[in-house]
Structure formats: C-alpha cells, structure tokens
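In the two complexes below, chain A is the common chain; its partner is chain B in one and chain C in the other.
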Partner chain A sequence: MGELLRIEHLSVTFSMYRDIFSRVESKGIEDLSISLYSGEILAIVGASGSGKSLLAHAIMDLLPYNAIVRGDFYYQGEYVDGRRLERLRGTELSLIPQSITYLDPTMKVGKQVIQEQFEMDQCKSIFAKLDLAEHVISLYPFQLSGGMARRVLVSTALISNASVIVADEPTPGMSVTDAVETLQMLRQIANEGKGCILITHDLDLAIEVADRVAVMYDGRIIDIVPASNFKRGVLTHPYTNALYRALPQNDFKSYTADEVESFLRKGGNQHVGSE
Partner chain B sequence: MKNQLITFISKQCIRLVLLLIAISMISFALLVMSPIDPIDAYFTGVAVSDEQKAIVSAYWQFDRPPVERYWHWATNMLSGNWGDSFVYKAPVLQVISDKFTSTLLLMLVSWSLSGVVGFSLGVISGIYQGKTLDRCINYFALVSVSTPVFWLGILLVMVFAVELQWFPIALSTPIGKSVEDVTWLERLHHLALPAITLSITGVSAIVLHTREKMIDCMNSNYMLFAKARGESLWVRVKRHGLRNVAIPAVTLHFASFAELFGGAVLAESVFSYPGLGSAITLAGLRGDVALLLGAAILSAIFVFLGNLIANILYIIINPEVQGGR
Partner chain C sequence: MLEVSNLEFSYDDGSPILKDISFSISKGERVALLGPSGYGKSTLGKIIAGHMNPDKGTVLLNNQKLSKYKGYKPIQLIYQHAEKALNNRWKIKDSLYEAWDIPVELLERMGINQSWLDRWPNELSGGQLQRISVLRALSPKTQLLIADEITASLDTITQAQLWNVVGDVLDTNNTSLLMITHNESLAKRICSRIIQIESLCTCT
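== the complex of A and B ==
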C-alpha cells in the first residue's frame, strides 16, 4: 500500500477579536498527525466540535482567513507547501460535500460537474457508472431527488480523478439504506486504488465500511485502530472502547463527564502504538 | 410556463386599470383642493376684470362642479381624448409626447449608466469585502445616496459647465439653432451632465444591493465547493457569482423606475432641460389639471411597466421559478 497523504503536526488556531483591543487565539486542532494509504478508507469519528470538519477543511485548504494553519503536508511522499496545495486542490485532492447546497442553484448539473476543463462525454460516462440517468445533466440542482443529488456530488470527485477524496459527513439525514449505498460508492472508489477520508460522527457506519478508524476528541486524534478491532473487541484505548459501548446496539451505556476525562487520561494518545 | 405567464400578465393588467382609476381620482381631488387658483395663476401680472376672468373660467369649465369635471375628463379619456393643456394651449397628448422623448432619453441613458456602473462596482466591492477598495466604493455609495439630486446638479454645473466649460450649462439643444439642424452629438453633449447627475444618485442603491448579494454569494457553500474543486477566484466569480447576483440586481434595477422618474423631474429643473419634468412643474404651479392628470397617468404606466418587466424577467431568468416550483 502506497502512502498518499501524510500530515504531520497539524495545528489550526483561530485568531479572534475579544474586544477592539485584544485578540485571542482559540485552538481548533492541536498537533495532529495522520497518514492515508491508497486503497483504504480512513474514517474520522468524533463528537460535534471535536474538529473533524475542521480537519477536512484544513486538508483542502478551505479555512477562512483568520485561521492559522501550521504543520507539514506530504503528498505521495513529497513535501507540499501552501502554494502547491492550492494546485493539488480539485486535481489530486477532492471534496465530497455534505449537501446539495454546495451546488450552484442557477447552473445545470452537467455544466457544474464538468467545470471548464472536462468534456460532457466524461460526465456522461461517470453518470452511467453511478447509475445516473443521462437527462440529469440538464437538470438544475433543486430538481434532483436526494439520491440523485448524492450521486452528483460523488461524480464531482470522480471526474477530477483525484487520488485523495475527502467525504465530509456524507450520510446525516439519510435512511440507513441510502447511507450504506453512499458508503459503498466510497468503497468502490477506494478499491480502485484511491484513498478516502470519511468524516463522520456515525461510528457504526464507519466500522462497517472503513479500514481504519481514527477517533478525534477536542482537536486531537486520540486513537487510530483497524476497523476490525471493534468487532473483535480488542480496543485498548478506554475512550474508544467507551464510545463503542455507548452505541445502542451494544450496551447503550452512558458515561459521566468525569468518567470520560479519566478515560482520556488513561488512554493518552495511542495512535502511534496501535498502528 | 407560458400559461402561467399569460395569467400573470392579464392579472397585472387588471391591476393597472384599477391603479389608474385610483390615481386619476386622487390626483384630481388634490388639484381641486390645492390653493392655486388656475385663473389667477393664468393672469399673473396682468390686470383683468372679473367678467373677463369669468369668461376664461367658463371657457375652460372651471366653474362646473368637480365631480362633473372629473366625469367629463374621464369619459373623454376613454375615447382617447386626453384634453387640452391650459398652460401650453395644445392637446395634452401632443405636449406630453413632445416633452417625453427628451425625458425618456435622459432616463434611459442615466438608467443604463447607473445599472452597468452600479452592478460592476457592487460585484467588485463584494468580492473584496473589507478591503480598501470595498471601503472606497462603499463610501462613494453612501455619499451618493445621501446627496440630493438638485444639489449635485448645481455642483456639477459649477465645476464642469462654469469652471471647466466642458459641458453646456443648460437646455437640451444649442441656443439659436432650429431643431432640424441639431446633431445627435450636440444632443448627447447637452444630455451628459443631467444624465450623470441622475445616474450618480441612482447608482448607490444598485451598488449596495449588489454588494450585499455578492457577499452572501462569496460566503455560500457553492462558492466554497467551487474553490475546493480548484476554480480560481475569477472563474468562480464568472461562473457562479455573476449569475446568482444578476437575478436580484436586474429585478431591483427595473423596479427603480419610480425613483428615476422623481429624480428626472428635479434634474430637469436644475438644468432647465425641457422635458416632461419641467412641464409637470409648470403645470403644477399654474393649476393645469388636464396636463397634470395626463402626466400622472403616464408616469404611473411607466413605473408600472418597470415593475412588470422586473417580475417577468424574474420568472424568465430564474431557473427555480421556471422549473415550476
């Protein structure tokens, strides 16, 4: 398995004005390191506010101007500076956004998918691959059904032929069958030798589809485990274990804030050891 | 889609008829109640006996009761007779059509100018939100929106007509030339200052509105996604920005006919531009009922048309309405 993307010591801070005289810095992501290999789906799970979406946006270099990003990016083993990242965006790195609002409401779907560099024929063949009818090309985004919209969003990643695909919360609000179908599309993409980063808060689905699961808490990745470990019950980090136990189909256990704190203290950052 | 449009337009036409009836009644009532006595105004500075006044009054039917006069006017109006102007001593329709061409030219030029300039400035301002360029454009828009038309007109006359002598001070054609000899260039030369005055005051609304929409657009999810897909700033603005901002901007600009009309009246009086505006002013001061009613009806139709075009364009350009949602 070739390494596609490696991020080392990533930190994201926001500088904000507390009042007119003083600025405060608030930490979003702290000293985060992660690698993505070709052919795999790496799920990033965590509660709301743990920094998952921030990570997705940091990878795509989409953070607002008041965000300060530090850290080293390597793409296929090569160091990437800020300028280069901009060039990789859309060609080597691709984002599958959450919802239809990420499409221009006034432009027909086909024209949006092909942008200015692709041909309509390419769009047609990708639509065919995704089981999308050809007439979808001339529909406006608001005319799409939920299922079509999801496929159209996936098609934007496929047409770019990017090797790293970041899917930001692709499943919320979907029925289980729809969600599974979306994730199967990701699986297919990964099986073609690409790497997918799946940002989700749905641990259950992440375990089903992903190869590795990274658990985020408070801007840090506290644990990275192979997805199979969950089912085999070999979870060394107490927080990950607790997270898994909290699922309804497992024990549906609830924990107090103090207990969570103690799990985090006991577990520390295990991701180096558990790989 | 087509049927929808036809029902929409026919409904609007019924509304227009009701609107015109109401406007003519209210304008007539206001004129009757106004303290200006048309006969006194007519004979300003001339010594006349009461008998003579009575003869003139009877000739123009000022001695009849108001309701009868209105009815008389309204029935004639329906048969296409807009009555005679008491001030110009000519049929109202002829006076209006003479004056309206100059006014229409003035409004058209300033309207297009403020539309193009306002939209471009608004888009640029929205893209560079918070930067110096944006702030300058914003200040300009705020200053221009708070500047009265007549004051700006006087200022421009002082600078460009009196001091620099680039443009003529007043009128729509050179003095001492017969209408047939006036060239288009001369007309435009006379038109320039009033048109610029009018467009500077009209530009602010479109700048500020476009800027606001552009900022919304720049912060939208689809712009973020376009960025994520590697589209450069200008490609993003061209592909997604202009499209999304143009729909509300065009609607707003067509709906601004009312302010344009009001502004034109003021600008014309500053530049002594012989258009409908100055005719309306004169008619108001002399109590010329027929001409004022005619002008009121015409301006109502004009503003109404602007709004109608805005609504129809909105249906035509906006795919979300077109798709029949």
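== the complex of A and C ==
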C-alpha cells in the first residue's frame, strides 16, 4: 500500500481579540501526525469539539483567515510547500461536504458538478456509476431528494479524479439504507486505489466501513487502531475501549468524568510510537 | 396519560407532513419514535410540546389541552442543538435554576462542574450545554419529556452518561418519555416500546 498523504506535526491555532487591545490564541489542533494510504478508508472519530472538522478543513484549506496553520504536508512521498498544496486541493484532494447547502441553489446540478474544468460526458458517466438518472443534470438542488443530493455531492468529488477524498460527516440525518449506500460509495472509491478520510462522530459506522480508526480528543489523535480490533476486542487504549463499551449495543456503560480522565492519562498518546 | 388523536399538519407549501396520526403514552412509559428523516418526527414532537399548532386533531395530557396548564408546562421538549435552546444573554445558573430547584447531587451525577454556573453559554461546548438543557427539563413537575435526538452529536461515553442519569430521574419521578431518534440500538436500550413513524403515517 502506497502512502498517499502524510501530515506531520500539524497545529491549528486561532487568534482572537479578547478586547480592543489584546489578542489571545486558542488551540484547535495540537501536534497531530497522520498518514493515509491508498486503498484505505481512515475514519476519524471523537467527541464534538475534539477538532475533527478542523482537521478536514485544514487539509482542504477552508479555515477562516484568523487561523494559523503549522505543519508539514507530504503528498505521495514528496514534501509539498504552501503554494503547491493550494494547487493540489480540488484536483488531487477533494472534499465531500456535509450537506446540500454547499450547492449553489441557483445553478443547475450538472453545471456545478463539471464546474469549468470538466466535460458534460464525464458528468454523465459519473452519474451513471452512482445510479443517478441523466435528467438530474438539468435539475436544481431544491428538486433533489436527500439521497439524490448526497450522490450529487459525492459526484463532485469523484469527477476530479482526486486520489484523496475527505468526507465530512456524510451520514447524519440519513436513514440507515441511505447511509449504507453512501458508505458503499466510499468503499468503491477506496477500492480503486484512492484514499478516503471519513470524519464522523458515529463510532458504530466507523467500525463497519473503515480500515483504520483514529480517535481524537482535545485536538490530538490519541489512538489509531485497525477497525477489526474493535470487534475482536483488542483495544489497548483505555479511552478507545471505553468509547466502544459505551455504545448502546454493547455495555452502554456510564463512566464518571474522573474515570474518563484517568483513561486518558493511562493511555496517553499511543499512536506516536507506532506510526 | 398522553392522548394524540387524528393529528394533521402541513407546512406552507401545502403537502401534508403528518396525516391522521393517533397514539397514546401511559404514565411512566418510555416510547421511541423511529424513522427516516423527512417523515415529520421532529414536527410531531414540537406539536405535542405545544410549540406549534396542528391543522387538525388534538393533543391531550390527562384529558386536558396543554394550553390549560398555566406556568411551568408539564411537557418539556429538548432539542438536538443545545446552543439554540439556551438564552445567550443568561448565565448558565440563571437558565438552570429558572426551571426548578436542582439538588447539587444531580449536578454532580450529570457531570456538571460548579465552575460552569457562572459562565455564559458560548463558553461551554455542545456536550456541556446539552447536559444543562437536559437537567433543566428534568423537574419533577415534568410529566412527559420529549427528547429529540438529544445525544446524536455526542460521543458514546457522554451519551451513555447522560442517558444513565436521565433514566434514573425518569424512574424516580415516574415521568414518561418520548424519544425521537435514528439510532435503533439506543432506542432499544432506553425504551419499552418502539413506534416506527412510517407505520403511523400513510403519506409522503
């Protein structure tokens, strides 16, 4: 498996005004390193506010102007500087956004998918692959059902032929069948030798579809495990284990704040040594 | 205790969301409302809580309309997004104690730190705010609690913690629960009865 993307020592801080005269820096992501290999789905799970979406937005360069990003990016083994990274985004790195609100409501779907770089024929073949009828090309976003809109969003990422796809919370609010379908599309993309980063707070889903699961807490990745380890019950990090045991279909066990704290202390930062 | 009969509702564009919906919840019962998005689960929750009026049909609590209850409403609705539920211009303690006199022991069990009480809502995370808005609604005067995806954006540890406390308080006060969710395994954990919204609704 070739390495597609490697991020080393990424940190994201926000500079904010406390009042007119002083500024404070608040940390979003702290010293995060991670690799993505071709053919895999890497899920990133964690509580709300742990920095998952920040990571996605940092990769896609969608952070607001007051964000300060530090760290090294490597694409297919090569160091990428800031300017080249900008060119990669959208062609080699592509985002499946969270919701239909990312589409322009006043523009026909087909036109949005091809933008100014691609041909309508390419769009048609992608639509066929995703089981979308050809006439969808000339519909407006409001005419799409939830499931169709989802597939249109996926097709915007597929048409670019990008080798790294970042999917930001693709399934909340979807029925189980729609969710499974979307994830199958991700699997298909990965099987073609691309890499997918799946950002989700739904651990259950991550275990089902991903190859590896990274657990984020407070802006850091504290653990990375193969997804199969969850079902086999070999989880070395106590916090990851607690996350899994707390699922309603498992023990639904309730831990106190002190216990969670001690899990984090005991487990520490396990993936640093293994990566 | 709660009696919903022949409820009908449509938004401005005219197509009916809810059509001829009837069901009941007895005292202390825990019911889950399950189903895909777009079937009007949340709309139904808002109508039962009295936040919206139905086009047709009635919602009766102990054979009375909710509007007959003055002051504290015995049906309380909790939303998924706590940040939208709390008043940004009120400190946490004002929002919390407005509802009822909450014992300290419950604050601790809910994992609410005393130092949060003097803060503003924008200084807490979504998960922290959700605990506040849940605890607010758990007064002994509440007869029916409607929980609309209250843990959908939380991690599993927080989710289990929260439901553990909620379950105990519901038991103590013999409060009924209507839980709106996508998560079937969670519904099975918490509730004794599951209603599929499709089975209630013949439209869409």
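Points to keep in mind about this one:
Basically, the second predicted complex is superposed on the first by the 271 of 275 C-alpha atoms of A that agree within 3 Å, B and C clash if a C-alpha of one lies under 4 Å from a C-alpha of the other, contacts with A are read in each partner's own complex, and residues count from 1 in each chain.
Note that in this section a contact is a pair of C-beta atoms (placed from the backbone, for glycine too) under 8 Å apart; a residue touches a chain by one contact, two chains touch by 3 or more.
What you see is a predicted model; the values in this text were computed from it and never measured.
Once the two complexes are overlaid on the shared chain, A:71 sits clear of chain B and of chain C alike. Legend: residue contacts after superposition of the two complexes on their common chain; A:104 is shown touching chain B, with no touch to chain C. Once chain A of one complex is fitted onto chain A of the other, the partner contacts of A:140 are limited to chain B, with no touch recorded for chain C. By the touch criterion stated above, chain A contacts chain B in their complex at residues 60, 62, 86-87, 89-91, 94-95, 97, 99, 101-108, 115-116, 140, 142-143, 156, 160. Of all residues in chain B, only 220-222, 224-231, 235, 239-240, 243-244, 247, 318-320, 323, 325 touch chain A in the complex they form.
Residues 35-38, 111, 125-127, 152-161, 163-165, 182-186, 188-189 of chain C are the ones that touch chain A when the two sit in their complex. Interface residues of chain A, counted against chain C in their complex, comprise 45-50, 146, 172-176, 178, 201, 203-204, 242-244, 246-249, 252-257, 260.
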